[in-house]
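Input: structures, listed below.
Both complexes shown next keep subunit A, but they swap its partner, so subunit B is in the first and subunit C is in the second.
Moving on to the complex of A and B:
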């Protein structure tokens, strides 16, 4: 099955933001937008929910802290207790710094790799070429033409009010990823 | 409303740039032939690096008896250099993470090179404890792995071991933070460059980044998380470094003020080093429009405040010694200021406390040559701070019969020079092969002009 998409290009973040809001108000489906930098407010305009990666970070961080605390306790008080200056074997305060470092390390790496996994970023992936300039100075909006009622000229007229620079229709063979 | 609040501050970058200009200006140094200045700096750095490699080889082959240490002064030059380099790294994280959390948009001009500096400084720092082991090929003994010695584990109660974990975590998290920040810029370079090696490499490193809003949305979340993680991390790292000293019972080291004092000192020295590099980079790479006087001035203000905190800490140490009623503590501080190493102490005070006071004057803050001189003084002063703390606390200990003097040998000095060689070689290469300014971040933070209408039309015709 092939899918038709409308690729609209803007050269100002404000135009893109207004266009996204207007397009969504018309009930059209926005597949994605492509921008050279993180445009503030675009996530709200597109109706993206807050990322759940914060939970990944939390879980990894806790795993690091608890895991390392357990390991330090096991090493110092169970596996081979060594008397260091008469301090108690299971002294918790001296276990905190390393447990903290382990928490930060796991939380950091965990959330970055989760980002790569969720956003399907991996070495060797080819970036799509359907919207050149989106890493330079162009703001690209991709609208799905799923509906039979999709009226191209009306949408183009709507986009004109937001100083659209260029609109193109693309037909894409099935298989997600733009 | 936002328009009004913006007009209160000078623009982030000067010269009426469009988004496309920003891309091309920042990518330009990668395409240009390096300037003569760059080559001279690079040759000098590589020569220093070679000197360092040769001396490190020599001292490992011969043993660390080649150093000036003696039974009384068992820690001196090597650990001073370690703390010096770790401290320098901390300003990078301060700028990239702490200022990010505080929404200080001006950081975008300097954060990339500050992060690179962090990475290289921590690499330099890590070398010194490795050499100090004497048998660096056994460095893996510091890791808690099951071994045939019983398993005899590492001592998790020792701050020196905490340091191993702190520094390695710091190096890894700084590297990840830097790389994550680079991904969108790598994609920009990939799309700007002609087919060839650079395009292949940046295409690999940018992980297929296409600027999707959904990805940006998650990316921003992760960047915020990393900043939030790096901020307590940087404080923990230097706190742990200070505990290497503070948990010992040596007068002059055994004080509770050490963690905040060390953190402030670290950020102070790092800011001085960032500013040094910024001034050099903006000149040699023609980035005057991006690293403006306004940026330098703000760095100066941060440095001034940190310098005052450090000055306060120096005073507090003396007060606590006097107030403690502890004779040994009082002796150490009298010895610091008036003993045989007094010259080092007063160098430290004048470089770190007196000289930065000139930064109260706006005319000084906006005069680049003066700022450059001041930051060089601070760099020197902060090295002496660590030297003073370490050596003056040790060289006259509890038994006058064991008092000794310390002076570095040529091997120790050459190793220190070598670490500068490594640092500047890496930094100069970084300036050539990666965008020295975070392109995507500065585009988002600076309110740039729209693309001019005429070029817009011609571009459409080409397409």
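Moving on to the complex of A and C:
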């Protein structure tokens, strides 16, 4: 099965933001928007859910801290107790810096690799760019042409009011992400 | 950008004044019964006040030096907080003057001459007093320039004030970094002159800025509700204050622990004395409470984004952190002055209430003296459209 998408490009982030709002109000489905840099307020205009990545980050961070505290306790007090400066074997203050670093490390790596997994990124992946301008100076909006009622000329007319630079239709085989 | 002026009901002003006077009266009464306890409260209250004023000036200077535009819409709030400096400075100088004989190092150092020659030189009474005046004058002068330039721009609509404040801010940051380290060593660390900590200045800075950020949250929120900052102080600004608050809460914990851990690890008697007093016996739970209020609660509550954007959550956390700030100073000052038994009663409560009311009076007066929003600032439009 194939899918038709409409790729519209804009010159200005303000136009893209307004177009996104208008297109959504028309009940059209936005597949995604591609911009050269993060446009503030775009996620809100597109009605995206808050990212769940923060929770991944939190869970990994806590796992790093708790896991490392347990490991340090096991190393220093259970498996091979060592007397350091006459301190008790299981001294919490000496465990904190490493637990802190482990929390930061796991939170960072956890977030990055969770992002890779969710967006199916891997080394050597072929890039599929809807419009090459989105990596340079163009703001790209991809609209799904899902049903038979999709009226191309009406949509193009709507986009004209937001100074759309260029629109083109693409047919995409199912299973190939954009 | 039009902004409503700040209207304060006469009744509120009168109540604040009465509460301040009552606090002062209780403190004066305590001075006859228990002079040390009264003085510890006076030092804590005036240091709290002066560091709030410094924090306000620091916030302005930091954002100016970074070229930050997001905070311009509510910059009159830190400016009004910097307006606490003259009065806080006078109060602190009174505290220093009253206690000068006890502060003096030579009471402790007799017979040790030679070993501690620098301490004796540095903590000599006259030099000590002159330095205290010097710090306060320096802070008042620099913060005055920052505030006046900003207010002048409201009238003459030129960008010269922005440029001038950029330069003043750089000078302030350099002067602040050195002077707060020295001043806090003089006024608080020297309460136990045999003890020393080389991270003291950073520790003081972290608590100072954390407390300032916490105080800015209710100030901005109340001013928005009452009108002067309506439409200017937005959810996005609250969100960013929340980010700074959680960030500096972690910074405070990081520095607190850095001081603790190095002293714990090396375990040298002249360094550990300070912490042994504060972590053993009845002070132990108070130190834990301070960590809870200053870091644990703000950190876990402010992690989710919606909490940083919620007025009610941010207000509650601001109160928690301000209590933590007081407790942090209480732990620094009281064991050195009043001994090993924690005291909490009428003098402490009335000082806290008095200082809060005094802060409110000074803040309101300073805020009402200028337009609620710096409407000629070239970055105001940026700030009003800002997205966190």
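Simple rule for what comes next: the second predicted complex is superposed on the first by the 175 of 178 C-alpha atoms of A that agree within 3 Å, B and C clash if a C-alpha of one lies under 4 Å from a C-alpha of the other, contacts with A are read in each partner's own complex, and residues count from 1 in each chain.
Keep in mind that, in the parts below, a contact is a pair of C-beta atoms (placed from the backbone, for glycine too) under 8 Å apart; a residue touches a chain by one contact, two chains touch by 3 or more.
The shown structure was predicted, so the numbers you read here are calculated from the model rather than taken from an experiment.
Taken together through their common subunit A, the two structures put subunit B and subunit C in a clash. Touch criterion met: A:41 reaches subunit C, while subunit B stays clear of it. When the shared chain is aligned, subunit B comes close enough to touch A:115, but subunit C does not. Of the two partner chains, subunit B and subunit C are each touched by A:54.
Applying the stated contact rule after C-alpha superposition, one finds that A:94 touches each of subunit B and subunit C. Once chain A of one complex is fitted onto chain A of the other, the partner contacts of A:33 are limited to subunit B, with no touch recorded for subunit C.
Among subunit B and subunit C, the chain that touches a larger number of residues in subunit A is B. Between subunit C and subunit B, the overlap after aligning on chain A sits in one stretch of 169-177, 205-213 or 241-249, namely 169-177. Residues 40, 50, 54, 85, 87, 94, 97 of subunit A touch subunit B in one complex and subunit C in the other.
Those residues of subunit A that touch subunit C in the complex are listed here as 40-41, 50, 54, 58, 85-87, 93-94, 96-97.
Considering their complex, residues 18-20, 23, 144, 150-159, 161-162, 165-166, 169, 172-173, 176-177, 180, 183-184, 187-188, 190-192, 203-222, 225-226, 229-230, 232-233, 236, 240, 243, 440-441, 443-444, 450-451, 456, 460, 463 of subunit B touch subunit A.
By the touch criterion stated above, subunit A contacts subunit B in their complex at residues 11-12, 32-40, 42-43, 46, 48, 50-51, 53-54, 57, 61, 71-72, 75-76, 79-80, 82, 84-85, 87, 91, 94-95, 97-98, 100-102, 104-105, 107-109, 111-112, 114-116, 118-128, 131-137, 140, 165-166, 178. Listed in rising order, the residues of subunit C touching subunit A in the complex are 257, 260-261, 264-265, 267, 303-305, 387.
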